[in-house]
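For reference, chains read A, B, C and D in written order, and residue numbers begin at 1 within each chain.
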Amino acid sequence: MIVVLKQGVQEERRAQLIEWLKAMGLGIHISDGDYQTVLGLIGDTSKVDMDLIESLDIVDSVKRVTEPFKCCNRKFHPDDMIVEVGDVKIGGGNFCMIAGPCSVETEEQIVEVAKAVKASGANMLRGGAFKPRTSPYDFQGLKGQGIELLKIARQETGLPIVTEIMSVSDLHLFEDVDVLQVGARNMQNFDLLRELGSFGKPILLKRGLANTLKELLMSAEYIMASGNEQVILCERGIRTFSDYTRNTLDLAAIPMLRELTHLPIIVDPSHATGIARLVPPMALAATAGGADGLIIEVHNDPMHALCDGAQSLRPEEYDALSKQIMSIREVVAK
Amino acid sequence: MIVVLKQGVQEERRAQLIEWLKAMGLGIHISDGDYQTVLGLIGDTSKVDMDLIESLDIVDSVKRVTEPFKCCNRKFHPDDMIVEVGDVKIGGGNFCMIAGPCSVETEEQIVEVAKAVKASGANMLRGGAFKPRTSPYDFQGLKGQGIELLKIARQETGLPIVTEIMSVSDLHLFEDVDVLQVGARNMQNFDLLRELGSFGKPILLKRGLANTLKELLMSAEYIMASGNEQVILCERGIRTFSDYTRNTLDLAAIPMLRELTHLPIIVDPSHATGIARLVPPMALAATAGGADGLIIEVHNDPMHALCDGAQSLRPEEYDALSKQIMSIREVVAK
Amino acid sequence: MIVVLKQGVQEERRAQLIEWLKAMGLGIHISDGDYQTVLGLIGDTSKVDMDLIESLDIVDSVKRVTEPFKCCNRKFHPDDMIVEVGDVKIGGGNFCMIAGPCSVETEEQIVEVAKAVKASGANMLRGGAFKPRTSPYDFQGLKGQGIELLKIARQETGLPIVTEIMSVSDLHLFEDVDVLQVGARNMQNFDLLRELGSFGKPILLKRGLANTLKELLMSAEYIMASGNEQVILCERGIRTFSDYTRNTLDLAAIPMLRELTHLPIIVDPSHATGIARLVPPMALAATAGGADGLIIEVHNDPMHALCDGAQSLRPEEYDALSKQIMSIREVVAK
Amino acid sequence: MIVVLKQGVQEERRAQLIEWLKAMGLGIHISDGDYQTVLGLIGDTSKVDMDLIESLDIVDSVKRVTEPFKCCNRKFHPDDMIVEVGDVKIGGGNFCMIAGPCSVETEEQIVEVAKAVKASGANMLRGGAFKPRTSPYDFQGLKGQGIELLKIARQETGLPIVTEIMSVSDLHLFEDVDVLQVGARNMQNFDLLRELGSFGKPILLKRGLANTLKELLMSAEYIMASGNEQVILCERGIRTFSDYTRNTLDLAAIPMLRELTHLPIIVDPSHATGIARLVPPMALAATAGGADGLIIEVHNDPMHALCDGAQSLRPEEYDALSKQIMSIREVVAK
């Protein structure tokens, strides 16, 4: 950690700060410039409160030189992590195609969609049983019953199932789910993350609406530090001033996260845009940009979908898109 | 709800959409303009999926004309809500001053700060027992023990206590807490909100980092629709491109929320700025802008505070600030 | 235009508003709902001040149903515009590859880069002669001399040249430039836009850092309404809270603009990310997302570049990238 | 400037970088930590391209320790700058009240408003003659004629006049204007800024929609480095995801700029909110937050204003507000 002092700081106050830092067990390397003094802190700075130091009136600025995340840091894990879900591999050159309806509605619906997306090349099935909704008056999902329907669809198709967990108290219902999704609104629900760290199932962790990549990695760190290394990161759009799409898809996050972490990185173009006809170009863009997979909403009857029909593709649209994705994938994988 | 169709829509597809809308039990009022047709939907549109309709290729845009929130809507509750916490009243012209340390650390610390802020005019005590931290390696709060220390401070000073709840599973520890705070990261933790709706204690609901005012009100609606009307809203800064403060304090939210809802609105200048020396001017600004109260971090030894010391005032700074707040309050309350 | 009145508006005030609107020559269609009254304004609403009406205390909200842009509106120009620059065509299925250094520095440099990018498949040369710099102490470009060097490079390679114009007063120096670029900071320099409308050269118009797609189109409208239809739009990243890249590349703008306008749309991954090693994946993503072309910074010696070396590719990197772009382009163009 | 190298960098590449830095005439101070090496650059780093170094694959991050602005830096000018406009002083404890219509429309209008705001305590008159409008079809201002009308109003009331300059080519019309305003869209129109640096009139420089405080100061630096020290900074709202107001007023900018610069700082609550009824609370908030003045839109007939009527106060509203501002000012100035 580097601490830059303001110009003309009194010798006494400077000595006081240095004493205080030393009292934390840190070595201090002092470098006097023409205009400013820079302190280099040597040792374990992970418990040093950077904001506190920055707020001192004698301090100009502070900079951390080592990232605060370890378990998910590529520096310590140079090889790609490959998450395995049954026969499906994610990461390390393996591309995954997750598809399915926003909400599970009926057995007929989920089985039909599952068969359709499988035929188009999907290797995992998504479907919401617990739905986070802005309004308490909106449909909140079939909950436990929805998970049972997903299992039926899995039995019919062999596709592993991915579904969202919203609360620690529902965890017992997810014993037989293949991948647990943490939604954007829960990315910093730290109690939930910690519990998932000891649940022993792969976790699909979505980036929050207004979270930085470092915060996303720190949330992965919560899960991993509790013992679960099977984490898949998901970029799904951030909130910006731009208002023509629901969110702004931040695809540069793919190569940037690739440098910072060894975890697989997938993209959700459906929630990112919120508009079905923008999903195919953004799915192709994400593939070309190096994503390890895509999670896409597909519905057999978007006009009657109970939620988020606006962003769902019809099975025939998904089928056409899959073929293009595969062609792009071939170019990129070379 | 108003649906604007695109130009040159085929008669058949238009008829199909109208049929579908009628099938939901809605009356349809058709208005043909020179360029576009506008459909006015009459009846209960609360279950109509606005996004789905907007995504149809024959639709140009959709507009909701009635807000989706009811319990917290000033239209249906013209008089200010006054939340009562013991003898303390919040809202309806009553100004509340909540102060205390970021984290509860020791009995000595919390009692000393409580006495100091009471002497300066604070009428409620804040202190974190459960702390949401970005990093799993940071101090997470004293938890249950912290709440016990807060109760001791309450006994010593008579100040009601406000502290953050992060998880439904901790709720039993909050039976004897006066006001439960929902932090910015949990503003859309819907399970938690619903549980608080039946807990029977006043709730201080903070606006999320990237949430609109409507979303804040919908979260209040979750609590109120579950039976608890005692909700206090709190503006605490939003995340923007601007990087010199931790967040950007959005003070225009005060008069805007005032129009939309009858709930009290307070401001947290400490978390909004993250820098102690910016807290006084922003506390004064919030007061002048019409806030119903302030929640401010005060610490007796910021240099050693376990978290967020950067944004805490010393007791003597809080004392000086309180006097100015009161003077501003007199001008505004006229 | 649709005006939604608030609940319980006095008959008299409502009548007053309607009179005022009629006085502007508008027809008014009144639709009374259970809760609210909606006024449909019929006729030429282009001069109605939407913000003013929205601010009236009896008005809940206002919605424009026809876009305020005409010249660049696909509704009125269903076929793609093809901008022609010598033999090079942009738009309508023609892909353009613009490449070159951030700044023109020496004859040797610009000619060498021009030859290199041409060999890799570029069909236009970019290079900054006038440089917008945040600091008055930074290198501001070779100005007129830089344009002369660009012309030499054009003569040597046959590549048309693209360079930025910052001020109306420099326009005489651009008589022999092939495409004039308007930078992000000047997207709403309306005097400049108007002048370019009568200059008779193709314009490459970059989206501003914090501008919506509608604002970008209105700026294109300024140029087109003044008589110049040869406008190429360019997405180059927007400013958001996200801080690991210089800007956030908003690729969904490509398919969205495609719907709204018939103008060609290209992408600048160099300025969007500001980091050379993120340029290739984002260039591929933009191509897969449907862009009509790419503008990429290439420098033969980034370590010594006078500006923006950080985001420049070396010629051999550009060459490898070009081949991948062409492969992606083949998939997408099918 | 501090350069943090990545872990495990090859000795040879590190030596190469150090040589390159030394070749720029810099002294290099090397500090080896447990994980990383930090280079401290000593000497004139103002011409070092920070982004270029940061982009090198052996570099982790770079930090500038001295700000790149000098003329407007409080470090070198500890005393408040007081800008004098005739008898009016701005800054250094002097509060200025600028008021007037968005656009100058007629002699009658501008004179009437000028008299009204003067009677309410305003000490400068604003009025737009050149209007930046998003649409080429909107009213663009009376231009030269508008400036003549402002002069008449000045003659009638003695109030100095403030009006916006959009283009260098109009500068001759501003010879007899008291304060030239640079609007948000032109904050980085560097040619204009440079010209104003030699024009010898006080400049009111508005913060751009998406500009940081450092960028605002760098733009002031353009003017000051060209010889004109009479610069007044103006916060007028930034663009964020928040959509209920036109912009988000960032009041913490006042105390933060106060630390960084000695220039006066005023606030424009009219453009920040875009809604007349939010102007009074935000004007009071800005005053309480320490602003050196306010610029507020006042119109005698907002219903018929040619632009921005939505955000204008009526003279009687401004009068009531002025009294409250003065009372707040008394509290703050103590």
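We adopt the following convention: a residue touches a chain if its C-beta (ideal position, glycine included) is under 8 Å from a C-beta of that chain, and two chains touch if they have at least 3 such contacts.
Being a predicted model, the structure only gives us computed values, none of them experimental.
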item	value
C-D compared against A-D, more contacting pairs	C-D
Farthest-lying chain, centroid of Cα atoms versus that of chain B	C
Whole-Å separation of chain centres (CA-atom averages), chain B against chain D	31
Where chain C and chain D are represented by their mean Cα positions, the distance between them in whole Å	26
Distance from the mean Cα position of chain D to that of chain A, given in whole angstrom	38
For chain D, residues that touch 2 or more chains besides their own	210, 239-241, 243, 277
Contacting residues of chain D [partner chain B, same complex]	210, 212-214, 238, 240-245, 248-256, 272-273, 277-278, 281-282, 284-290, 324, 327-328, 331-332, 334
Contact footprint of chain D on chain A as seen in their complex	2, 4, 7, 29, 31, 33-36, 38, 40, 42-43, 60-61, 63, 65-66, 75, 210, 239-241, 243
Chain C - residues contacting chain D, complex	20, 46-47, 49, 51-57, 68-69, 132-138, 166-169, 185-186, 188-192, 194, 208-210, 215, 218, 221-222, 225-226, 239, 246, 274-277, 302-303, 305-311
